[in-house]
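So, here's a batch of structures to check.
Both complexes shown next keep chain A, but they swap its partner, so chain B is in the first and chain C is in the second.
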Partner chain A sequence: MALSSSQSSWGLKGHSGAAVQNNDIEALKQAWLNEKFSPHVLIFEDALVARVSEDVKEQEDVVAGELDDGATFMTRLKQLELERVKYLLRSYYRTRLRKIEKFCMYILKNPVVRTRLSPAELEYTQRYVDLMAEHLNESFLNGLPEKLRDLTTQDAEDDMIPAPNFDTHVFCKVVDTIGTFQLDQDSSVDLEEGELYLLPFKPIRDLLLDQSIILI
Partner chain B sequence: MAMYGADALEVLKELSTATRLPVYRAKSVSKAVDEVIHLHAEVLAILRERPEAARNDASVTASVIFHHAALLRNKRIMLAYHYHRMQYLQNLRWEVGAILPPDVREATSALETGFFSAYDRLLGDYMTEVDLNLTEDLTPPKDLFIEVRVVQDAGTIITEAGDELTLTRNSTHYLRRSDVEHLIRQGVVEHIVH
Partner chain C sequence: MTQPIVKQASVLESFGASEVEFLSEDAEAVVVPLFREPAIRLLAGTYGPFRPGVPLTVPLWLAKQLKKQKKAKIQPPEWMDVDSLRATYEAEQADPLYFEALPYHYVEIASQLLDVASDDIPDANSVRETIEDIVEVRHLKIMAGMRALDGDSPAIKLNNLAAMEINSIRSFFIATMDHYAMLTEPELSARRSSTREATRSSTTPARASSEASSVPPTGGLSTARAQRKFRPRTSSTGAGSRASAASARSSETPSRFPSARPRPRSRPRPRPRSTSSAATSAGSVDPSTIWRAR
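Up next, the complex of A and B:
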């Protein structure tokens, strides 16, 4: 990032130094990228998001104070950097919401996926499903013969629930050397630290969850 | 009836090729619902009156399967129709804000208008929860300040810094991007690019 030198001059109080700040921003950026490129919702980074949000608030106060004393060039730089961090935060929330809306019923019916959402996101999902179902029911489903009203089932149980497409490929970078990794019964791949790969998403999704790889 | 599902398909096609939201086709929807009821009754009648034939006579079995497939298709088309309109309204909430533009308002059913308000509340509650207006910054920020020209009188706004500013038509201003971003999307002001 071009302004990384200005970041180190943020001079945060109550933190062990500017390096911590930089790491958080980098981590958020990576979480955001992972989220963007992954077909399904990943674990919500609640601690990270909370730390960054708090830092943003703190810095906004600092900047507001400096603006009262007359804006300097450095203040403007800080303001711009703040805007960039806020964009990351917003886009991170947004990217998740998009996927949550799209796969809302799949998420609610899947206990493992539910745990990846923040409490606020889970509530959002529930309310969104209710809202959608209510709208469809009142618009026309209630007029259909009773057996045909179900929103999620056509022939087999729950066969009309949109689910993420796991049969897709993703670009990823290996963070820690994993060694030989079994992709499926017939093929395996050597995952070396720092190397880039284009891999099918399905077999590697657990590696993403424990952060031994990142998406790019 | 020329073809089962023809009406339903027509409104879905209209929706998928339109650039603006077409008027909600309440008549076609209720027609499609009637068709499903009719088809369902047919299937039930065959199964009730000729249960043996439905199982053993290939032509009767085919008739049952055909009617059943036709009614499911009708239902799927209707689901797609309503779902896509919902998506459209949701996108509007993100891009334009909490108030429906007049032409969209006219094109929506009462239920859809209700859905839009409910979605607005849902998103509003969530944004309060995360303490961040998520509909800002839909594109990555480049400049802190931008120059804008006012396209239509918009009264007085209050900037993030707490200053009052009156937007009269054709006046130009140099403002924080975050203060006017939503006005640009609504078409109230335009971004002057040199």
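Up next, the complex of A and C:
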């Protein structure tokens, strides 16, 4: 018979062995995954990132102190965990930056999307667009006829601003039972806690925002 | 007017094997320490104290380190016991449409434990073989599910699928569903394509390079190896289960599962904010059940 999750076999969801649990790391990991799998840039998790960065700094001081007293095995474990957390932070930033670069014009033109970026990211976007425009102009656009030089043409024939594809699908896990949920005019789905789905992104983006679902 | 026939499926790739392994290393593992040490305060929590012979739950990455340093033994999880694995395998084979409940990262966990702690796992070779069998029989079911993708419903239920399995079907399933969505709603998608805000993704070539440099700091172990190890075999032992799974599928289940059947009595209650058009509702539709949930 299959194992049920009530059995205390580890690996299945169970209680944690940590006496004091810091959920920020887990939250950051999920923020990274959500970012990785959502087609558009999500709201920057500034408070979470700030807390984790602060924790990392403190732990680095602790480790530095312990290293001065002679490194032990336990210190090396702390170092290893630090590397893991810093990798998470970097991955989160990097995943966002890739999307930001891809959709830079779209982001700058769209005031709502702009608010999802951190001040540093917004500055980066602006500089990225400026640099790219300068590069394209100097390398060949200036040699083209006037009407072909524009980088932001959006008319019936051409759309030069890459925008996220909201019509795509995402793999997600239901965190809170939602019940019957309308996907479009003629289909709905029963979303129960713990279930995994492949769903169209557009109807469920609000569920992602309030964390009723997570992307996997 | 050049309308792209196929919109870009997704700008996002699947995870690499090293990333999947990194994610799995936060799973819980039970170790039996061989040393005495006060509790260790890590960022993710405080673990310990470590006392010889007293089992302790720690993250898998920590367990692997302790084991590699010969500072602890690893207590294999119950589901990795040969008998329960064989039972899982039997159940997996018996039902062509249902996936048994296994830990979300069972492939990675098993492969890492068999790598670093095979001496702590009773009958490790049988464990390894049985897990390979399970991976394979599940893989065949996934392949069958792929063939049953018919685009009749916009939702697909994937209960009990594991991380590695989802990762392996991610791009195919997303691309398929994206295309179905466009094909089945031509006038809708045409309208979508012309509305600027939401849709039209003119594509720049996917950038493959930047992620290449980002390898997670795992201790040298790679699930690339795990993937190879657990790749379904095509040899003689695999053939039996393959044949039986295939025949089970063809005899018991129509290849197109009756997915888009309206359920007249269940009253959909749309969330107010979900979609603007949700107010006028037709009957609700089951998610495409290429696999069954239990």
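Remarks
The rule we apply is simple: the second predicted complex is superposed on the first by the 190 of 216 C-alpha atoms of A that agree within 3 Å, B and C clash if a C-alpha of one lies under 4 Å from a C-alpha of the other, contacts with A are read in each partner's own complex, and residues count from 1 in each chain.
Here is the rule we go by: a contact is a pair of C-beta atoms (placed from the backbone, for glycine too) under 8 Å apart; a residue touches a chain by one contact, two chains touch by 3 or more.
Note that the structure is predicted; figures quoted are calculated from it, not measured.
Of the two partner chains placed by superposition, only chain C is touched by A:Pro203; chain B is not.
Set against each other, chain B and chain C differ in how many residues of chain A they touch, and the higher count belongs to C. Contact with chain C, but none with chain B, is seen for A:Lys36 once the two complexes are overlaid on the shared chain. In the superposition on chain A, contact of A:Gly65 is made with neither chain B nor chain C. In the superposition on chain A, A:Gln154 contacts both chain B and chain C.
Once the two complexes are laid over each other on the shared chain, residue contacts for A:Phe171 go to chain C alone; chain B is not touched. By the touch criterion defined above, A:Ile216 reaches chain C but does not reach chain B. In the superposition on chain A, A:Arg94 makes contact with both chain B and chain C.
Legend: residue contacts after superposition of the two complexes on their common chain; A:Asp186 is shown touching chain C, with no touch to chain B. Annotation: chain A residues 80, 83-84, 87, 90-91, 94, 154, 160 touch chain B in one complex and chain C in the other. Contact residues of chain B toward chain A in the complex are 29-30, 32-33, 36-37, 40, 71-72, 75-76, 78-79, 82-83, 86, 90, 109, 111-112, 114-115, 118-119, 122, 126, 129-134, 136-137, 140-141, 143-144, 161, 177-178. For chain C in complex with chain A, the touching residues are 1-2, 7-12, 15, 22-23, 25-30, 37, 39-47, 56-58, 61-62, 65, 69, 71, 77-79, 84, 87-88, 91, 100-103, 105-106, 109, 153-161, 163, 166, 170, 173-174, 177-178, 181-182, 189, 192, 196-204, 207, 210-211, 214, 216-217, 219, 260, 266-271, 273-275, 277-278, 280-287, 293. The touching residues of chain A, when paired with chain B in their complex, are 53, 67, 76, 79-80, 83-84, 86-87, 89-91, 93-94, 97, 101, 120-121, 124, 127-128, 131-132, 135-136, 138-140, 143-145, 147-148, 151, 154, 160. By the touch criterion given at the top, residues 1-5, 7-12, 14-22, 25-26, 29, 33, 36-37, 39, 52, 55-56, 59, 62, 73-74, 77-78, 80-85, 87, 90-91, 94, 98-99, 102, 110, 154, 156-157, 159-171, 178-190, 195-200, 202-203, 206, 216 of chain A touch chain C in their complex.
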